[in-house]
Amino acid sequence: MPTWLSQIGRIRAPIPAALYWTVAAATFVIPAAIWWLASSSGYVDRLFLPSPADVAKQAVVLAENGRLWSDIGWSVFRVFAGFTLAAIVAIPIGILMGTYHIADAIFEPFTDFVRYMPAAAFIPLIMLYVGIGETAKILMIFIGTYFQLVLLVAAVARTVPIDVINVAYTLGASRRQVLTNVVVPASLPGLVENLRITLGWAWTYVIVAELIAAQQGLGFRIMEAQRFLKTDTIFLYIAIIGLLGLASDQIMRRISSKTMPWAETFDR
Amino acid sequence: MPTWLSQIGRIRAPIPAALYWTVAAATFVIPAAIWWLASSSGYVDRLFLPSPADVAKQAVVLAENGRLWSDIGWSVFRVFAGFTLAAIVAIPIGILMGTYHIADAIFEPFTDFVRYMPAAAFIPLIMLYVGIGETAKILMIFIGTYFQLVLLVAAVARTVPIDVINVAYTLGASRRQVLTNVVVPASLPGLVENLRITLGWAWTYVIVAELIAAQQGLGFRIMEAQRFLKTDTIFLYIAIIGLLGLASDQIMRRISSKTMPWAETFDR
Amino acid sequence: MNLSARANATSTESVAKLSVRDISRRFETRGKIVEALKGVSFDVPSGGFYSIIGHSGCGKSTLLNIVAGLDQATSGVVAVDGVVRRSPGPDRGMVFQSYTLFPWLSVIENVAFGMRMGGMGKKERREAAQHYVELVKLSAFVDAYPKELSGGMRQRVALARALANKPAVLLMDEPFGALDAETREQMQELLLNVRNKEFMTVLFITHDIEEAILLSETIGIMAARPGRVAHEFKIELPYPRDAATKVSDAFVQNKRRLIEVFKSI
Amino acid sequence: MNLSARANATSTESVAKLSVRDISRRFETRGKIVEALKGVSFDVPSGGFYSIIGHSGCGKSTLLNIVAGLDQATSGVVAVDGVVRRSPGPDRGMVFQSYTLFPWLSVIENVAFGMRMGGMGKKERREAAQHYVELVKLSAFVDAYPKELSGGMRQRVALARALANKPAVLLMDEPFGALDAETREQMQELLLNVRNKEFMTVLFITHDIEEAILLSETIGIMAARPGRVAHEFKIELPYPRDAATKVSDAFVQNKRRLIEVFKSI
Amino acid sequence: ADAPLQIGVTIWPGWMPWWIVEEKGYFDEVGVKANIVKFKRHPDDMSAFAGKQLDATHMILADVIIPASKGVPGRIVLITDESSGADGIIAKTGIDGIKDFKGKRVAYELGGVSQLILMRALEKEGLTLDDVSSVNMSAEDAGTAFLAGAVDVAVTWEPYLSQASKDGKGRVVFSTADTPGLVPDLLVFRAETIEKRSADVQKVIAAWNKALAFIKTNRKEAVEIMAKGAEISAEEMEQNLAGIKLYSLADNVREFGAAPDGPLFKTADEQADFLLKSKLIDSKPDVPSLVAPQFVGAVTE
């Protein structure tokens, strides 16, 4: 029995990278194959499930006329801007919430109130106050992301062991220094993981954001395609969103394992 | 200087419950006062910012004709069902993902791919396969919640210290027992916290879910009100969603601090 | 697993309870290589008591982890009753250097954990656990959670938990490090008693030379860089032993010899 | 904070470096009350070395935490130079019972942490830290992360980190618990030396009676339920002391007397 | 000195000529600064309009009347087109006519054009909304739901109508082709824009006319431009256009008539009554004040 086989059933045991990626690839290939079979067998209505060939053809068309690239560019820009903004605001506030009880009192209940509200319901107010330009779209993504992210950051900051904080005090760290030199680095691995997860949330808001007078973008194009029953375009764009997300996920994982060699995680 | 005052600036130091709730209440009262001033001063268009009185009047009307209660009932049911389903599926899978590298390979990359996709884009497929009944709405909330929750659960399961797992092994726990008797209870506080956070996420999908042929529900009523520019109803219903969320948040917090006396957290 | 086991076990004529065969362990982190163990071999007969002493960082904990099946050797094998063991099991109970209690279980539940895993009934295991909690003098804290205990108390709970599980081989990594002299003596006697009654085989790490002599049949002296057993030292003292043994002439002689050997390494 | 300090400090005529005044600490968890400390008072003069010994769970760590300002006494005060201290600060450095290193910092960065907080420049503090890393014999591991160290190595890093910060009062909770005899002796000598040079005042918890005698001027013997200082024991041995002191007649006499007193409690 | 006029538009074949205006630069040609701002969901452009973010947007009559009762001042300046088969009711094979709708699940958008069309259809057979089982969905979702077999009847638009017929899933039993004048699509400006920048409004209409003229003279290229804008093929665009009747200036003049007696006023008045009766508005606005007929008149001169 090869050793990697015995590793599979072991808790926390790493498996060979080759095996990992083979299995991971299979989880994409198998659904793709089922898709291909289902659409080519005619068992499922083409209208709901276009064939891979149709989607590929559509991809070529849109790539050639350049629309694909501009849509990707705009959506990536909006998501990135909204998400970055949310992170910039949520990280300090979340860390304060997880560290000071008074900050918790100030932010937590109100956040808990607002975060349940459907972001789309804010569209009219957003249009009223910031108009219908790019700011509005970025703000939409910000709203959709911030309230969730801030709670996750607070949850991470709360898990920093009190012992580590205490040690820093006895070494002369001021409260401010404990915050910046202990709570922040100790939260970092959890923080990066949660940023990674929340980036996905930000992307799911691209459609809502592009409801607001978008002239282009992945979400806009999906809605337009829906209007005209262009299922192949819809599938193409959804897949592109997935792939963009997958890529950003992998990049964030790489960065986090490279920059935090001290963290105890199992690597890929 | 009263001791509670000196506690405020201390990291992780609890503040008196009375102070906590006073501050928390202020974070609601102050925006409410600003709202009242803004709407009564006429500085902001009534169409976008109805006065508290208007909203209250609308609340009375809808409460009396019973529509408010049926809307709340339906939406709570849908969110609760979709969320519970998501939790039931996500918790075991997430724990496996955080525990076995092979489960990570099977679920993580594919989840990372799907979770970026806008849930609303799945509406046509949902209608094709499950129709337009309650199942469709519940499934929508499930899709919106599951992919995020499963990653959070996996992240929590990954933080269970390897030492604790190892101890269990040397005490004769089988791999299965380690999973159920060590990984699960050790993950529990983090799990409950993340369920609490994701419940909010589930609520934000109520509008999307009720796009699918709803005849009633909070999300439905918001959209209807938007169609007829009934801003007071929109405000009322958004506030109700927020209050429902706030209440469920507090309940979950209570449950978690009551059932897990061993966890190291700062209490309210 | 059994196949290769036989082959590997041939070198031990009369099968030892625990055989450690040519264990090496190399850590590679960020390009740097630490040779934590190199070619460590020894046997502990059934019912034997083998202690390991050695300087801080020489590889003792690493070795114990490998024996427990919690870490994988770069090369070499560990066998119990001649059967190669690569993964952890209840046959090798362990008390860790940093007492790792289950924070969500009370003292008595921590002690009863192994029995619960073994499928023992609730009442039965509570009674059995109660017994061990008393042995480690924590009766007043049966229902306390780990976060409410002092360092020494936690260490004793960990000890009770390992003993209560009655492992064939007991692995202990400085189990008495955080205890005061008196409690330590009590625990040493407890260990001697339990081992006698249950006929456990013990592999024990300590920094306390007197403790090693009092408890062991054989002491393995480890040297560092790379970690290896540099010398084996037999203690010629009859069992049963107790605290009084420590003032016997034979004990003092053994101590003097051991210190000499230790220093020479 | 200064106001009440004066009032409280009046009882100490010649102001002690560290005064502990009538400290009580009660834990309430799930209805149960544990009286961990009750009316603990003692003084440590400037440059003094005060050790606390006592059975496991008698309240030593709780006391040290209160002195450090990390836990709040139910009643009573702690004063440094006659000024009441309620929160932690660099004047009271601490080595914890469970060595808590910063996992994201390498050994040298851990040791240099206090200096970094104090605003010392990068090059300067690295040099100073290097010195302490050498003193605890970890030069080969300057850039290792805590997870790559053995238990004893971590404890030494924690020691170096506290020493490097040159606190006026050094609080140590069983700092040498995980060390082998030889390393322990080296660390004891290191501590004696550093204290001499830097004129630190030390409050020290240990389980090792010999260690207490070797290092201390005064030993407070704590009794449990409720935790209190039952007896203070002066060690009449001249400084400077070193490992050789342990074989002197005076040492042996002190030890015999101390053990007697300890047993009588 | 004036900011560009912001003209909101949702995706509707009758409003596609704006794509030609953009492509051909007609705004520049007539000398007005204006932008076409695309919205996906109809309520969103109305919100933007009400929030003063847009100077103009496209609406149906109900959209003008409902906000008017709330004090949002919109003025109809132009009828762009009329749905003439582009909106319709599609029923499953086996449902032969409107009278068979009784008790069936019918998907339509509450309060939208769909409801209007459905009510008009039911009226013809002496039925009301209470006779059917209502399923609330946007026109697209209704179409999708029908194609997915989730509902028996759907009020939807092109290309869902022809797609369903083509697939043999059902047939169009009623459409706007049966109700001339029922659903005029309108270009509506904010009252203050009309007041302050009436010359610019006039130029916008002129640009629109240029587009219409271009469609007439260069139909093939025009359709291609519009198809490209909508990301569909020229054939599909043609199919979409088949369901609407673009209103020429002459058509507009006829509909506006001699205010306040023109056919448009009459239709608007009827709809206001209908909305009031359906309790969708609380009070009936002054209909003639919602129309700004001067622009249509001016162009003909």
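Which chain is which? They are A, B, C, D and E, in the order written, and residues in each are numbered from 1.
Note that in this section a contact is a pair of C-beta atoms (placed from the backbone, for glycine too) under 8 Å apart; a residue touches a chain by one contact, two chains touch by 3 or more.
These numbers come from a predicted model, not from an experiment.
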{"item": "Partner chains that chain A and chain E have in common", "value": "B"}
{"item": "Leading chain pair when contacts are tallied as C-beta pairs", "value": "A-B"}
{"item": "From chain C, the most remote chain by mean C-alpha position", "value": "E"}
{"item": "Between chain D and chain B, distance of the C-alpha-averaged centres to the nearest whole Å", "value": "47"}
{"item": "Centre-to-centre distance between chain E and chain C (centres being mean Cα positions), rounded to whole Å", "value": "83"}
{"item": "Distance from the mean Cα position of chain B to that of chain A, given in whole angstrom", "value": "17"}
{"item": "Multi-partner residues of chain B (each touching 2 or more other chains)", "value": "10, 45, 48, 124, 128, 226, 261, 264"}
{"item": "Sites on chain E at which at least two other chains make contact", "value": "47, 50-51, 147-148"}
{"item": "Shared-contact residues (touching 2 or more other chains) in chain D", "value": "29, 87, 98, 145"}
{"item": "In the complex with chain A, residue positions of chain E that touch it", "value": "6, 8, 11, 37-41, 44-45, 47-48, 50-54, 140, 143, 147-148, 159-160, 163, 167, 230-232, 236, 240"}
{"item": "Complex contact set, residues of chain A against chain D", "value": "161, 163-164, 166-174, 177, 181-182, 185-186, 188, 260-264"}
{"item": "List of chain C residues in touch with chain D within their complex", "value": "27, 29, 34, 53-57, 60-62, 97-98, 144-145, 148-153, 155-156, 174, 177-184, 207-209, 262"}
{"item": "Partner chain B, residues of chain C touching it in the complex", "value": "68-70, 87-90, 92-94, 96, 98, 100, 102-105, 113-114, 116-118, 145-147, 161-162, 165, 167, 171"}
{"item": "Chain A to chain B touching residues, read off their complex", "value": "7-15, 19-21, 23-24, 27-28, 31, 45, 48, 99-102, 104-110, 112-121, 124-125, 128, 144, 147-148, 151-152, 155, 158-159, 162, 165, 175, 178-179, 183, 190, 193-194, 197, 200-201, 203-208, 219, 222, 226, 231, 234, 238, 241-246, 249, 264-266"}
